[in-house]
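Shared between the two complexes below is chain A, which pairs with chain B and chain C, respectively.
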Partner chain A sequence: MAMVKEPLLFARLPLGARRLLFGLVLFGICFLFAFPVLWLILTSLRLESGVYYVHRGTEFTLGNFAEVLQDERVVEAFANSALIATLATVFSLLVTVSSGYMLSRFQGPAARTWFGTIYVFRCVPYISWVLPLYFVAQSWGLYDTYTGLLLPHIAVHICFFSWLMKGFFDGIDPSMEYAALIDGCTRWGAFIRVALPSAVPAIAALGVLCWLFTWNEFLFALILTGNKVPVITVVMAQFVTEMGMRWNLMAATAVMALLPAFVLALFGQKYVIRGLRL
Partner chain B sequence: MSSKTTGRPLFGEQQRFMLLLIAPAAVLLTLFQVVPIAIGANASFRDWALYNPKKTWVGLAHYQAVLSDPEFLWVVLPNTFIFMIVSVAGALVLGLALALLLNRPFAGQKLVQTVLLVPLMVAPVIAAIMMRWMFNDQFGIVNAVLEGLGLDGQPWLVERWTAFGVILMTDIWLWTPWYTLLLLAGLQSLPREPFEAAAIDGTSTWRVFTHLTLPMLRSVIVVCVVIRAIDAFRTFDIVWTLTGGGPGRSTELFSLYAYVLAFLSLDFGRGSAAAIIGGIIILVVGAVLYRVVDRLART
Partner chain C sequence: MSRPEAGGPEKHESCMASITLSKLNKHYGALHHAVKDVDLTIADREFVALVGPSGCGKSTTLRMIAGLEDISGGEIRIGERVVNHLPPRDRDVAMVFQNYALYQHMSVYDNLAFGLRNKKISEAEIKAAIDRAAEILGLHDLMKRRPRQLSGGQQQRVALGRCIVRNPVAFLFDEPLSNLDAKLRAQMRIEIKRLHAQVPTTSVFVTHDQVEAMTLGDRVVVMRDGRVQQAGTPLVVYNNPVNRFVAGFIGAPAMNFLDVTIRREGVVLVAQSAAVKLAITEPSGEALAAWIDRPVVMGVRPEHLVLGGDGVLSRSFQANVEVVEQLGSEILLETRVGQARVTVARVAPETQLAAGDQVRLSVQPGRLHFFDPNSEAAITA
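Now for the complex of A and B:
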């Protein structure tokens, strides 16, 4: 545990040296954390010939991006991923906010049963239900369709997000809702007009997480889609095996797939940090 | 999660409202998890090849086959549990260290925080692709650096334990920020007074850490560990993209094993049996962990 021993050595050094050492350690850690992404970006900007001479490539180009974007399948995959992530976020928020509200405001057998169900299904490994879902999707005509990919993506977040949402609502004082009820508001009115507005930061946090999770998800699309609904993660994984040697193109695709997530996370970071206090 | 529950039911006997609130979630959960699991359970007792579903009853034959498969017993299960333990422990220790680092103010703290959270946004598939490129034995940067230092490059992804190490490293890299985020939030919500008192008494940093910080963070740590352990158990994408379970089948985890049986060996029945066995294992582990959380959260 270097973290712990450091202060002992640390304390004997003069202040300037201490600051310098601290800065260096910080820089080192940040560099190690960011390096894989930086290296990927660097690779995506290199000529194909430069990619294979790690320490020699000095020429840079945007050609890789242009070449990748000419591939219709890649463009389609980006559009599909964005569409499905957005729709899944909207619907899964609709579903989980109300379910989390129920968990938070009610007690008794119904709420306990629902909570138990959610915990159990949170634990079930994806593969245990996505594997047979392949057959379900085929017999319902949902295999390789947008709906067939979208619905499981909504279903998968029910458990975790209901749980998080319950935590958020637990932190909101229900007396305002009481007051609204006494004033003649319906229960739905109290939920939608009183409780929901105060949960907006939490909902925003869940929205950001949900979009990222769906955009990044791989296994569902691998099993539930064929050629008609390509999504970006699956297309990239196929690249690695099919055109595995063209790392500059691979890197360019990956960088483009990182971009929306980065933008979203940069703007959503403060909501997520605020919303995730357990 | 915080448990400041309100004590008594808020709206009295409002069954209808209650059920309407959970109805959409319950319907989706039934259609897309309960029904498939039932079908999978049914298939696991039948002769059900992917393209030739005869559906004749074979009883426990698939379960027997999986449980007596040396591949499953001596490679897949140990891999899965080693992966779960090392990944959770590694990311927890690193994440805690980084959270402690970020918890004190310094110039550029916000920037450092943003950089450290970067892996959180990276899709596991992309992370795996990056690592595969960095650890490429001919053109990868890691071997280039090693050779630059006068050491020998390694064929990282061609040998079992180095490949497994790269997989573990990728996973720890991916999930450390998650711990950092949650533990930092936890650290920032701790009361100040005990730490001030300790500072006045001149308590050493290490003692403050073991006697104050750790016990006070316990509930957050436990929740993180439970959630991550369960998720680590089902890891699929990074292994699939990094090694595809190879070399041979030596880095297969449980999810991959079930997938390979169902979609590459085209034996849906046996794949389902494997998926069910894994499901049961993790439910037991999950139940035990849940007990532990409950006990720790109460004390």
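Now for the complex of A and C:
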């Protein structure tokens, strides 16, 4: 005898009510995630005096943005962040794509050793690299230089994203490359001319992830740079001064820092989703 | 990597393109011996079908010929050249893959041109070669499309086209029809056959489907566990299988096997079990004299059994119908004879039969096969 199950409360509601409830829950979840960002934008549009009160009046201003943009250090930090994120993305992609391909296609001592190496590095907590890196950067004279910040970023990307790239290539049928080998390509040629073009969505996805990762990174930047290479995440935090916290300016900077990430995510998400699904 | 030209002075004879495998071996690690001492000569322009169950080493053998797989031992010659250490691009062969392996990011035209452009051939010549191939395969309307936009059959035709434009010394086919549905598979089979007639080129065709092997191959090579079991024309392999495996693998529905004992009754030998007693009139009967009072495995193909005992009574036996499969053109009968199951093919479709019926089956003359129960080798005169 089949048990007739009592329908759930939700299923017993009329259609309209069900839709309404669904909408409310959806809205609630979205609000939960969007609230900090909305609050940030709101704060960035406030006068300094309006920041600290619960009832914050109705005065809004774009003055914060103007003030922040007049600060050379902030502008320089934006440029630096963009440069470092772009360079880190380009260099790490060069390595990740080929190392992911190797991990996916080749077995042997070299591939196994490489696999083991990045596995070990992945297992180490990210934060525990920072202090040793600081000392290394100091003794090699790389402290507070572009290279000193770039290299650790590239290393982290290689460890984290080689795995993703291996996954993408695992999803691409190797017989296309075999066909290329027979059609007169070298192994390297088959990779460049046949495997790479098929991996473009994945590479684009990885590019977006790499770029955002570096753009948003705070810890390495804080420890490994001083005054000469300001980056946006660090500069943003420096609105906390002995004079007090300039919340409105910090928020304005943060909103501007959000923009490239937002744009990239907007245009890149198609690739990211397709790439990650590959 | 050195390129030993053991075949004497370097020659590049596209006219003589036999493929010779001698003592070919492939090991994967210490444990897996995928291909064992394969000796095979494929004559110029011959179409050889390598057939066997999955994991029998047929694809590995093909990939070694193509150069996609290292050779653990033995020698491969294409024409006069030893190609053991040549990379795939220097072997001048073309290959069709199970999943077509077309370059997804290129148009059909560029797919066809890819190999020729690698050889630095002029675009005008490439166009001419592609036009010829397109003519043969009917690809003209597809040239601008991407592989994704083609059906499975069309993709496989493009893959064939990619082979023939290169005018290689040999075509290698790695289960090219497995991804197609049954109807299309039959069409493509004919297309490949026609292609081979039009562009006679040495071909090695790997398949697990014995029908493809039988219909396409000038010669069929049956493999199991990395070894060649038998190589011969389709008819030879069908009529004179060298062992029980080949007998069971070639032919559909598969051959029936019954455990019997050989006895002498007067001047004739009979194969006898609890349910069957058949007089042996086959030529192999003489060899069976050595097997008197010993068990052997008797094989008979479903299509060589006839319903009714109207022939000689000593060549028929009683069977119990278990399943009746009406195909329209014929009936397949699944019967039980003692402990054994026996399939009967080519029963007239009008025949009224139901499960549980008793029928009498007789064996066509000369159609019994006998195998050593231990070595499984065929017992022949």
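The working rule: the second predicted complex is superposed on the first by the 263 of 278 C-alpha atoms of A that agree within 3 Å, B and C clash if a C-alpha of one lies under 4 Å from a C-alpha of the other, contacts with A are read in each partner's own complex, and residues count from 1 in each chain.
The rule is short, and it goes like this: contacts are C-beta pairs under 8 Å (C-beta built on N, C-alpha and C of every residue); 3 or more make two chains touch, one makes a residue touch a chain.
For clarity, every value in this text was computed on a predicted model and none was experimentally measured.
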Completion exercise
In this superposition, the partner of chain A with more touched residues, chain B or chain C, is B
Exercise for the section: Using the superposition on chain A described above, determine whether A:K166 touches chain B (first), chain C (second), both, or neither. Expected result: first
Practice task
Go through the superposed model and pick first if A:A17 touches only chain B, second if only chain C, both, or neither.
Solution key: neither
Exercise for the section: Check the residue A:M176 against both partner chains and state whether it touches chain B (first), chain C (second), both, or neither. Expected result: second
Practice task
Applying the touch criterion given at the start, work out whether A:S198 contacts chain B, chain C, both or neither, answering first, second, both or neither.
Solution key: second
Problem - Which superposed partner A:A79 touches (first chain B, second chain C, both, neither) - result: neither
Handout entry: Which of chain B and chain C A:A66 touches, first, second, both or neither
Key = neither
Practice task
Could you look at A:C185 and tell me whether it touches chain B, chain C, both or neither (first, second, both, neither)?
Solution key: second
Exercise for the section: Return the residues of chain A at which the contacts from chain B and from chain C coincide. Expected result: 178, 181
Practice task
Please give the residue numbers of chain B that touch chain A in the complex, ascending.
Solution key: 1-6, 8-11, 14-15, 17-19, 21-22, 24-26, 28-29, 31-33, 35-37, 39-40, 43, 97-98, 100-101, 106, 108, 112, 114-127, 129-134, 136, 138-141, 144, 148, 173, 181-182, 184-186, 189, 205-206, 209, 219-220, 223, 230, 233-234, 236-237, 240-241, 244, 254-255, 258-259, 262-263, 268, 271-272, 275-276, 278-279, 282-283, 286, 290
Fill in the blank from the handout: In the complex, the residues of chain A that touch chain C are 173, 175-176, 178-186, 194, 197-198, 200
Completion exercise
chain C residues touching chain A in their complex are 66-68, 87-89, 91, 93-95, 97-99, 101-105, 114-115, 118-119, 162, 166
Fill in the blank from the handout: chain A residues touching chain B in their complex are 1, 3-4, 7, 22, 26, 29-30, 33-34, 36-37, 39-40, 43, 51-52, 54-55, 94-96, 98-99, 101-102, 104-108, 110-111, 114, 117, 119-136, 151-152, 154-156, 158-159, 162-164, 166-167, 170-171, 174, 177-178, 181, 187-188, 191, 212, 215-216, 218-219, 222-223, 233, 236-237, 240-241, 247, 250-251, 254, 257-258, 261-262, 264-266, 269, 272-273, 276-278
